[in-house]
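What follows are several structures.
Look for subunit A in each of the two complexes below; its partner is subunit B in the first and subunit C in the second.
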Partner chain A sequence: MINTDIAIVGGGPAGLCAAISAAESGAKVTLIERNDELGGQLVKQTHMFFGSEKQYASTRGIDISDILLEKLEGHKENVTIMKNTTVLGRYEDGVITGMIDENKYLKFNPEALIVATGATEKFLGFPNNDLPGIYGAGAVQTLMNVYGVKPGDKVLMVGAGNIGLIVSYQLMQAGVKVEAIIDAAPNIGGYLVHASKIRRMGVPIYTGHTVKEAIGSDHLEKAVIWQLDDKWQPIEGSEKEYDVDVMCVSVGLSPLNELLVMAGCEMEYVPELSGNVPLRNEDYETTVENIFVAGDSCGVEEASSAMVEGYLAGLTAAAKIGKIHPQYEEKKADYIKQLDDLRSGPVGKHIRSGIDKIVRR
Partner chain B sequence: MRIEEHPILKFKRGKKIKFKFEGKTMEGYEGETVAAALHANGILVLGESLEKHRPRGFYCAIGNCSSCLMEVDGIPNVKTCVTKLEEGMEVNKQKGKGELK
Partner chain C sequence: MLEKTGVPTKEQVMNEFPDISRINEGPVVVIECFKEIPCNPCTIACKFDAIHIGEDINKRPEVTEDNCIGCSVCLSKCPGLAIMLVDGSKSEEYVHMTIPYEFYPLPEEGDIVEGLDREGEFLEKVKVLKVTNPKSYDRTPLVKLEVSRKYMYDFRNIRLEEM
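Take a look at the complex of A and B:
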């Protein structure tokens, strides 16, 4: 049995910041990560962030990961890092079970738990959507930005949100041809500054278009798209065919939070937050006492807000078990202000309305 | 299929190592995943679906979707997208669900 004040599941941006913040409050923290590296999906984000100054806007994601790891290192007397460890379950007595190196079982007995398990890529339904060569946008990023392997020669990008636009640009940086970007919605979802940059490089963006089918015997050879009318119904005869060996699916993410469901946290389906998310209070504590949540697992946003949520949940979880930071009130107010700022304006409108549905005061 | 020049990234590849896919010797680098090494060798089909035996490749590449399960050194259901390549590894396409030994 491993005893610890706070167990944090997930070593991505939210989990890292939760660990830094809880350790800074004086709690003994065990950070559990299923991969052999910390940083989560930051390690493949080669673009400069556009969130807020305090959360490293204009710094590339890959460098933010290093900055956070260095901050964590500064609290190493309070932090135990367990890599290659997958959390498998949480029992009624608060014990967490996990497996290290895929072959040895472990038990943890934390006073509080912070779940920061992130999100997973959504999929799209169309004939032959299971052919090899059809990948999630994040998978393509991992392959080319982490391992330096090209996904293929010619790509059709499905989804013109920020991820679709940014990954298209990164594909071109890696020397891969992007034939077109399509999106079923009538408007481009991502920032227009990204879209213009890509259009200037000669890549067409077709809004109001979706995939009709994929064609290939044992891997993708062609993709057929067609136009949608204003009721989102496909228009016969509007088909366009592309000779592509890669289709990159960038249609959003769903929160990953099976652990919270298993623990009995009350959940609700909130489309604005991209799926099933836990009800929580302003301290990011769920309906099960001493289980906290942070990052995409409690609603899909982006890494900047995930980091601030992590700092906040680390601070409040530590306080809940009696480790109160000397500047608790000041820090809490600052994190709440940062989150409000990141979610302000028209871009954050749906996030704000989603959060209104899950926060119990 | 490997990226040699990149405007932002420098790829610090590990030692070149040999492994086997379906009995055929291939090369990869220490530090990369089995799925990445196979992709760099032009292998896109990693297995087949259980019922209809349709070809399967990876989808998420971060260990969530289970589309990349293969048999590695005799062990079935290995998530090759998050399993690091090792010298002399024997990687095979998996038929069926795999057996507990």
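Take a look at the complex of A and C:
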């Protein structure tokens, strides 16, 4: 049994920042990450991030990860890092179990738990969607930017949200041809600057289009798309065919938080936050005492907000178990203000209305 | 149109350009950031108080043309690669346009490359005047090109000819 003040599950931006701020408050922290590297989604984001200076805007995601790891290093006397360790469950007495190196089981007994497990990709249903060559955007990005492997030669990108647009751009940087980007929605969902950046490379973007079918014997050879009418019904005869060996499906993420469900946290389906999310208070504590949450696992947003939520949850979780940061009030007010600023514009509107549904004051 | 295709209309683009008289005086930024998003590195990068967003980081950047000295620092800082530099002071026939370009191989000074519009369509061959890629640009190199005046409002990208 490993005893610790605070166990943090997930070493992405939210988990890293939670660890930094809880450790800074004086708590002993155990940070548990299933991959062999910390950083979560950041380790494959080679582009410059949006946001404000406080969340390292204009810095590339891969470098933000290094900045956070360095900050964490500054508190190493309070932090134990467990990599290659997947948290599998939580018992009623608060003990959590993990599996290390895929063969050894461990038990942790934390006073407080912060869940920062991120999100999982959604997929699309269409004939032959299991052909090799059809990937989620996360897999394409991992192959390309983490392992340096080209996923294929010609790609159809499905999804014109930020992820679809950014991954398309990175594919082109890797020398892969992107034939087209399609999206079922009538408008481009991602930031228009990203769309323009790819459009001027000559890649067409077709909104109001979806995949009809994939064709191929043992791998993807062709993708057929068709247009949707204003009731989202496919229009016969509008089919277009692409000779592609890769289809990259990037149709959104949903929060990954089964651990919270297992722990008995009250959950609600909130479309604005992309799925099932825990009810929580302003301190990011769920309805189960001493279980906190931060980042995409409590609502799919951005790394910028995930970091600030992490700092906030680390600070409040530590305070809850008696480790109160000397500048607790100041810091808390600053994090809340940063989150409000990030969410205050038109892009943050749906996030704000989603959050209104789950925050219990 | 922009929301559906990623291509701004000519009118939207023209609105972001300063007067031709200002362009002819010397280098000045053109920012094509049409949607309110939470982002402000351009204002932080500008040491000349030429780009303003203000308290609410969701607002679109506003350019004070008279303060812009054309230093080009903001070009490599914009995560959307939405900023370019236009300089009409050098010749009657051409304008100098500087764009961020994040693809390898990089062009070299003196190269002739294909000049493209906002849909990636070929406009004309353009000459590379300068390629800058210092460490401070953090892997977003800038390429300065000689573009015919008549394409000033259309030019936005380059393609290197097949080797």
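Just so we're on the same page, the second predicted complex is superposed on the first by the 361 of 361 C-alpha atoms of A that agree within 3 Å, B and C clash if a C-alpha of one lies under 4 Å from a C-alpha of the other, contacts with A are read in each partner's own complex, and residues count from 1 in each chain.
Here is the rule we go by: a residue touches a chain if its C-beta (ideal position, glycine included) is under 8 Å from a C-beta of that chain, and two chains touch if they have at least 3 such contacts.
The structure presented is a predicted model; accordingly, all values stated were derived computationally and were not measured.
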Touching partner for A:143 - first (subunit B), second (subunit C), both, neither: first
Which superposed partner A:7 touches (first subunit B, second subunit C, both, neither): neither
Contacts of A:60 with subunit B and subunit C, given as first, second, both or neither: both
Contacts of A:200 with subunit B and subunit C, given as first, second, both or neither: second
Partner chain in contact with A:219 - subunit B first, subunit C second, else both or neither: first
First (subunit B), second (subunit C), both or neither touched by A:17: neither
Partner chain(s) touched by A:307 [first = subunit B, second = subunit C, both, neither]: neither
First, second, both or neither for A:173, with subunit B first and subunit C second: both
Which of subunit B and subunit C A:347 touches, first, second, both or neither: second
On subunit A, positions contacted by subunit B and by subunit C: 60, 173
Touching residues on subunit B, where the partner in the complex is subunit A: 1-3, 5-9, 11, 13, 32-33, 36, 39-40, 44-46, 49, 54-65, 81-82, 84
Residues of subunit A touching subunit B in the complex: 34-36, 41, 46, 60, 62, 120-121, 123, 130-136, 138-140, 142-152, 173-175, 218-219, 256
Subunit C contact footprint on subunit A (complex, rising order): 47-53, 57-60, 172-173, 186-188, 191-205, 207-208, 304, 341-348
For the subunit C and subunit A complex, residues of the former touching the latter: 2-8, 32-41, 44-45, 56-59, 77-82, 102-104, 116-121, 138-140, 156-157, 159
